[in-house]
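What follows is a group of structures, each given as structure tokens.
What follows is subunit A paired twice: with subunit B in the first complex and subunit C in the second.
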Partner chain A sequence: MSNLIHIKAFGMVAEKIGKESLSLENPGTTEALKNLLFQNYPELRSLKFTLAVNKKLTPGDIELEEGMEIALLPPFSGG
Partner chain B sequence: MEKERKPKNIFVQGPISSEKIAQSIANHASKTDIGGHSIFLGQIRADEKPEGKVVAIDYTAYEEMALEKAFEIREAIFAKYPLTCMHIYHSLGEIKVGEICLFVFTSSKHRKAAMQACDELVERIKAELPIWGKEILDTEGHVWKVNT
Partner chain C sequence: MNRFERQVILNGLGIEGQSKLRSSSVLVIGAGGLGSPILLYLAAAGVGKIGVVDGDRVALSNLNRQVLFGEKDLGKNKAENAVRYFQEKYSDIQWEVFPEMIRNDNAEELISAYDLIIDGTDNFPTRYLVNDACVLLEKPLVFGAIYQHEGQVSVFNHGPSACTYRDLYPQMPAATEIPNCAETGVLGVLPGIIGNLMALEAIKVIAGYGKPLVNRVLFFNSLTSQSYEVEILPNPGAREAMPQSMASFMITDYELACEGIKQLTWAEAMRKMNSEVAFVDVREPGELPPLECTGLVKIPLSQLENHLDRLEDSEEVLFFCQSGIRSQKAAQQLQQVYPEKRIYSIRGGINALKS
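Our next item is the complex of A and B:
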């Protein structure tokens, strides 16, 4: 059974990983997701970014569920 | 009955024209309880970077999240200050030096509320909205804008 989550990348993070979106098998939690991303894209380790789960900033480790949208957000620089 | 407020689109593709700003001011002529407006305009600066000179900024955003957050900020500012009106416009795409990329417009009966609300809005927009500026350089490279 598929249990996919959807990743969106922006700004410098999108540039580093070379894409703006991807779908992954759900690794369970946001911490596990970060580790998986660091394995797949080692260049992310040197970047500062925060996670938004379903458009909300998430402090700490969060359980991920099928279909969630997780955004990788480098520091904001609007205006 | 109080009017229900809903998230409004704040994004404009390309630069914000002086005609749009003038029209926005003119639109308030019929609201005769207003005694003061405050306007902030963000303009693209030809910054000198070690890697080259900035010729434009290419803005991208996580639009759905930015609109939700802008709505939350808007509600908080309306609750804090006695405002008549509030408008926020932010550019997306490539904006050249000298062009306007941010237009924040607040109106109230008296000037202080309009000015303080405008100032606080600009600070919160820059700090809290998921928007990114890629600074395009005259050397054909780019650097990512950092907000201070």
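Our next item is the complex of A and C:
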């Protein structure tokens, strides 16, 4: 059975990943997802970004369920 | 008939909203790519008093997006030039011009004199500085920033329980972590759109009109024309990490803080104290009062680079000095050599301990 989550990447995070959206096998939690992303895209380690799950910010580690949308939101500074 | 007739008849804004705009004051920090459209539309909408802060001068490469300026303005100060432009255009706005960058030592004077602050600056240290000053001085802050083809907009600190920039981005990025417009390029329309959204949010907050982006951040992508909205929640840890008073704000070096130099209060430092932690006084010999306690290491800042090896074995290092400024520099020096160590500067130094 498929258990996919959907990633939306913004700014520099999208550049490092090479695309703005992708679907992944659910790794279980937001922390596990971060580790998976760092493993697959080591350049992400040097970036600071905030995670939103289903369009809501998530301070701390939370459990991921099938079909959830996780946004990777880096800060922008330009003006 | 007056110049606001078309917006006064608008459902929801009305005479009342217009009179709120008329009696309000807005400080626009940064008169560049974002500041240009912000100022154009706030002035057109009839905000009663507008302050413009910018210490930068107009350069040729600015002209694709900083639409307030033209070829004849090259080399002139942006804030002065912007205000001169508007003074010729409208007679009913009170202008204040600050041809300087916002800093720790002018932030309180500038910000406390206005009802609403708009951040159109272009670097992380300044964005955290403006956010913290607005939190401490209890001013609503309209925030916007761009990167390549994307922008983000939010309204921070509007009301007692409202979220701030630190709730959205608790970890301060290094000033160099993300390339700026000069390195990556920017199409002028993007800051035009984001700046207009910021002006819109400012008008909504002032006039009590519509639903401002409070506890929400809006992302916009100019290539796909898509937007994405995210709800922001309070982050208690992030709030503790910011200066808790204007005195503490004054001695925070935001450049260093963005480089990852963390500060602790004496109370937090005391809780960390144990035999594994190096506790280092970086004051020069003879500074008063002397502090004596077991385990205290004394290395004046001027000698630190020759004595870094004395701290080699400590995984955690706490620096302090007289007022908390030199200890931030010491922390940065050590961090560069030992990036794995947990290094802190004690906020306010000995002066904070005395009070």
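Keep in mind that, in the parts below, the second predicted complex is superposed on the first by the 75 of 79 C-alpha atoms of A that agree within 3 Å, B and C clash if a C-alpha of one lies under 4 Å from a C-alpha of the other, contacts with A are read in each partner's own complex, and residues count from 1 in each chain.
The criterion applied here is as follows: a contact is a pair of C-beta atoms (placed from the backbone, for glycine too) under 8 Å apart; a residue touches a chain by one contact, two chains touch by 3 or more.
What you see is a predicted model; the values in this text were computed from it and never measured.
By the touch criterion defined above, A:Phe76 lies against subunit B and subunit C together after alignment on the C-alpha atoms of chain A. Look at A:Ala52: by the touch rule set out above, it reaches both subunit B and subunit C.
When the two complexes are superposed, the chain touching more residues of subunit A, out of subunit B and subunit C, is C.
Shared-chain residue A:Gly11: touches subunit B and subunit C both. Subunit A residues 8, 10-12, 52, 55, 71, 73-79 lie at the interface with subunit B in one structure and with subunit C in the other. Subunit C makes touch with subunit A in their complex at residues 30, 32-35, 119-124, 127, 144-148, 150-152, 167-173, 175, 177-178, 180-181, 186, 191, 217, 219, 221, 224, 228-233, 235, 237.
The residues of subunit A lying in touch with subunit C in their complex are 8, 10-12, 20, 46-48, 50, 52, 55-59, 71, 73-79. Listing the residues of subunit A that touch subunit B in their complex gives 8, 10-12, 52, 55, 71, 73-79. Residues of subunit B that touch subunit A in their complex: 42, 59-62, 64-65, 68, 90, 101-102, 122, 125-134, 144-147.
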